[in-house]
Amino acid sequence: MINKIFASFDEAVADIPDGAVIAVECWGYPATPHNLIAALKRKGTKDLTIITHCFIPQVFSEEHAALPAVLLPQMKKLISPIVGIMRLGAGGFVKEYVEKGMEVEIMGHGTLAARLYAGAAGLGGIYDPIGVGTILEEGKEKRVIKGKEYLFQEPLKPDYAFIAGHKVDKLGNLVYRGNYRSDQPVMAMAAKVTIVEVEQIVEVGDIDPEHVITPGIFVDRIVLIPPDGLGTPEKGRAVIDQLTQIESVRDLLFGKAD
Amino acid sequence: MINKIFASFDEAVADIPDGAVIAVECWGYPATPHNLIAALKRKGTKDLTIITHCFIPQVFSEEHAALPAVLLPQMKKLISPIVGIMRLGAGGFVKEYVEKGMEVEIMGHGTLAARLYAGAAGLGGIYDPIGVGTILEEGKEKRVIKGKEYLFQEPLKPDYAFIAGHKVDKLGNLVYRGNYRSDQPVMAMAAKVTIVEVEQIVEVGDIDPEHVITPGIFVDRIVLIPPDGLGTPEKGRAVIDQLTQIESVRDLLFGKAD
Amino acid sequence: MKQRLDRDTMGMRAAKELKDGDCVNLGFGIPTLCALYVPDGVRFETEAGLLGYGRLVMADEIDQADWHYIDASGRFCTPAPGMAIFDVVTSFAMIRSGRLISIMGGFQVSERGDLANWNTGGDALGGTIGGAMDLAVGSRMVIITMEHTTKEGKPRIVKKCTYPLTAKESVDLIVTDLAVIEVTPGGLLLKEVAPGWTADEIQGLTEAELIISPDLKEVEL
Amino acid sequence: MKQRLDRDTMGMRAAKELKDGDCVNLGFGIPTLCALYVPDGVRFETEAGLLGYGRLVMADEIDQADWHYIDASGRFCTPAPGMAIFDVVTSFAMIRSGRLISIMGGFQVSERGDLANWNTGGDALGGTIGGAMDLAVGSRMVIITMEHTTKEGKPRIVKKCTYPLTAKESVDLIVTDLAVIEVTPGGLLLKEVAPGWTADEIQGLTEAELIISPDLKEVEL
């Protein structure tokens, strides 16, 4: 059996070249592959294109969390439906990088999902109903099909996907937990190389075939999150403590319905 | 809680009008909603468009099985990647109906899946790499994107999907078993109305949320397969007995590797 | 007596549109409050991959929270019996195939039902889209809850949106702190007014022209 | 001594292309035989939604078979540890994203690697496509196993396919009962011949022009 297990996050990202296109989930603290992001920051890879569901400011200390935003100084392009948190001033924290030349491509979250699917399925493009009549039309081909307008959207085919998983067997068969799932299965399918950081590695046969979400063929590299890694309950506790110091983000992430 | 459970297959298909477009899985005997197909035959609905993964001859007696082919006299159009079984004479059994005016649209199985996905996701169309340079190009728009040729394919949005499920809760959360799954989740998502025949109906909460394959929102009607229904192990046994009388089909469905 | 409805009451009024069996995606702000007032059998969806989750985790419960469940606003929520978990491909098929109801906040709604609720800046960095465009275009019914006027007293219900659009001709119903207005093919139909307010007063705070319903009544909860 | 390879030997030779970790979709006929000869760690995929299934159920075991598992040829198969079950959307993402190897039968292969293996009739009703087109276009490597000539002795390896195509320029390797031929950018490279056969004799049974490999050897198993 091919060994997909890497001993460290640094080894798992060691071959990522400058200019790589990387899809990485970020849905608040829990559903983020913090350790792979941190390793890529340590490596210093440049001219990255980051595809992510949610690009919010690095409001946590890096000792406890690493969101995609820590890669900002290494980025050439950002592709995301959520840039910033509106109440904190949307996009504000990326403006400095945009002025220095970073490109930002925004789109609806469902368009992101559909474009990743298109990448995985080898499609040349899709006609998407989202964004018609909005500023997202700019530079897009518009086409009327059966009386309705659509925008042409290109497929997304990342070079790498960084995935935060729950449990994986040694063949790479992967399950998530709760909202950890989200964009990650389609990112894993669309990417050329999928790297998973995971809470548990189990033996082949320990995951019921009916319950596999991402079949092992889509998983190329596996790294176990160590007890002192990011994304563990202890680090999470520290993050919560930090959040209680930041009123608006705290309200956003949990707390009273406003 | 809305009651989605219907007492009979006839009631579950009672409102299907002439001209309806119906997606129905057929992957050999087990993964076929026999009882819904049989009910639609009894009802006699005309001018049907049938979308199915596999349109093979009705080689079994109807007392034990009902494949989509029993609907042939009621059909206006067939959309399928598999018409016939090649060794039995591909398409031979539909020729009589084609001569009477039935339209047949064939395509690769992956194109069928992608078109159903496009229907579910509200896309206006997709550029598909499959079929380029083949007779499937006929009548299709071809487009070169980044140096590669693609064919424009329209989304498929069936009016109804007939689904053979394993277990469903009363909200419609559905799990399949083994290859029962196949095309059915995307058919359920693409269809306006999804009707499920199922081996077990369980209480809300009895299916682990992580294991749901088709969320209940996609399931509109549920009918329990009764002990004397089609698709039960007893009827299946009878089908196997019939198959042993038909050499080539038997070899095709099980038996010695040739 | 001429009070405006408070946010809870607006949430309550919007929730009244829902019935047993409906699945609803609740956006930031006032829509979140609807969750407290929906009838039995309504389930909540988050585009990040849950249908039928339970209630939100409150700040004082955070120590016990299971961090694996997050609602559409990024808040921790609880699992519930009958919940389903799915990926975004399934999620946006759900949203775009017209099986969901969406209740969202708004900055502006036009007389044709155009919606602006993602961007106040004018360029792509002026806002965050998330699932808003998909929800506006794809949902079976789109209900917008918002204050009838801006803090400066300017109308939010306008002839033509001045903020960047989320989607064209997508809104079905507007619930404000002053009125309930249905978007019809003929125009904006004023159906309910807050207690003590007249149709004329509402029109005075609305840029778009309102059609007064023959059945005009006070907001019903 | 100038025998042709039997079907088992052809399956064995095709299987030799596979190595630990490969995932392979085996088509009807000779490819199915490869399953008996693959090295450890090779997993089988069926486009109907299984990866890593076990062996086929034989006719005399049918009473004990679990009918829920069906291979790519519609035969009952057994589950195996490490198997994954998925729907066709995932399945064809797997096939089309170049992560699988495909071993299929063929009617004809052209000198450019065009494949014809779905249709002998000439119109759409002349064959069944199934997953063949997706596999031919999407697979990382496409291996075709077929008899070198038709029953009438006509070449199957041709300048231009006369049967309707499955896909253009998609075949990587051809394993026949007489030879192993690689499709290269420069043309068809004859790499191995069946015991006792010469390159000239193979060329005589092949319409397309063959390039003789400097390392030409007997078929290696």
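Assorted remarks:
We just call them A, B, C and D in the order they show up, numbering each chain from 1.
Keep in mind that, in the parts below, contacts are C-beta pairs under 8 Å (C-beta built on N, C-alpha and C of every residue); 3 or more make two chains touch, one makes a residue touch a chain.
Since the model is a prediction, treat every value here as computed from it, not as a measurement.
With contact taken as defined at the outset, subunit A and subunit C are each touched by B. Compared with subunit C, the chain whose C-alpha mean position is the greatest distance off is D. Remark: among chain pairs B-D and A-D, B-D carries the greater number of C-beta contacts.
Centre to centre, using the average C-alpha position, subunit B and subunit D are separated by 28 Å. Taking the mean of the C-alpha atoms as each chain's centre, subunit A and subunit B sit 35 Å apart.
Centroids of subunit C and subunit D (each the mean of its C-alpha atoms) stand 55 Å apart. Shared interface positions of subunit B, defined as residues touching 2 or more other chains, are 110, 114, 117, 121-122, 129, 177-178, 185, 210.
Counting partner chains per residue, subunit C shows two or more touched chains at residues 50, 79, 85-86, 89, 92, 96, 137-138.
Under the touch rule stated earlier, the contacting chain pairs are A-B, A-C, A-D, B-C, B-D. Of all residues in subunit C, only 28-29, 32-33, 35-36, 46-50, 56-59, 62, 65-70, 73-76, 79, 85-89, 91-92, 95-96, 114, 119, 121, 123-134, 137-138, 164-168 touch subunit A in the complex they form. For subunit C in complex with subunit B, the residues that touch the partner chain are 20-21, 23, 40-41, 43, 45, 50-52, 79, 81-86, 89-90, 92-94, 96-97, 99-100, 137-138.
Contact residues on subunit B toward subunit C in their complex (touch as defined above): 1-2, 117, 120-122, 169, 171, 173, 185, 189-190, 204-205, 209-210, 212, 215-218. Interface residues of subunit B, counted against subunit D in their complex, comprise 27-31, 53-54, 81-86, 90-92, 94-95, 98, 104, 106-114, 117, 129-136, 177-186, 213, 236, 240, 250, 252-258.
Across the interface of their complex, subunit A is touched by residues 110, 114, 117-118, 121-129, 143, 145-146, 148, 150, 154, 175, 177-178, 210-211 of subunit B.
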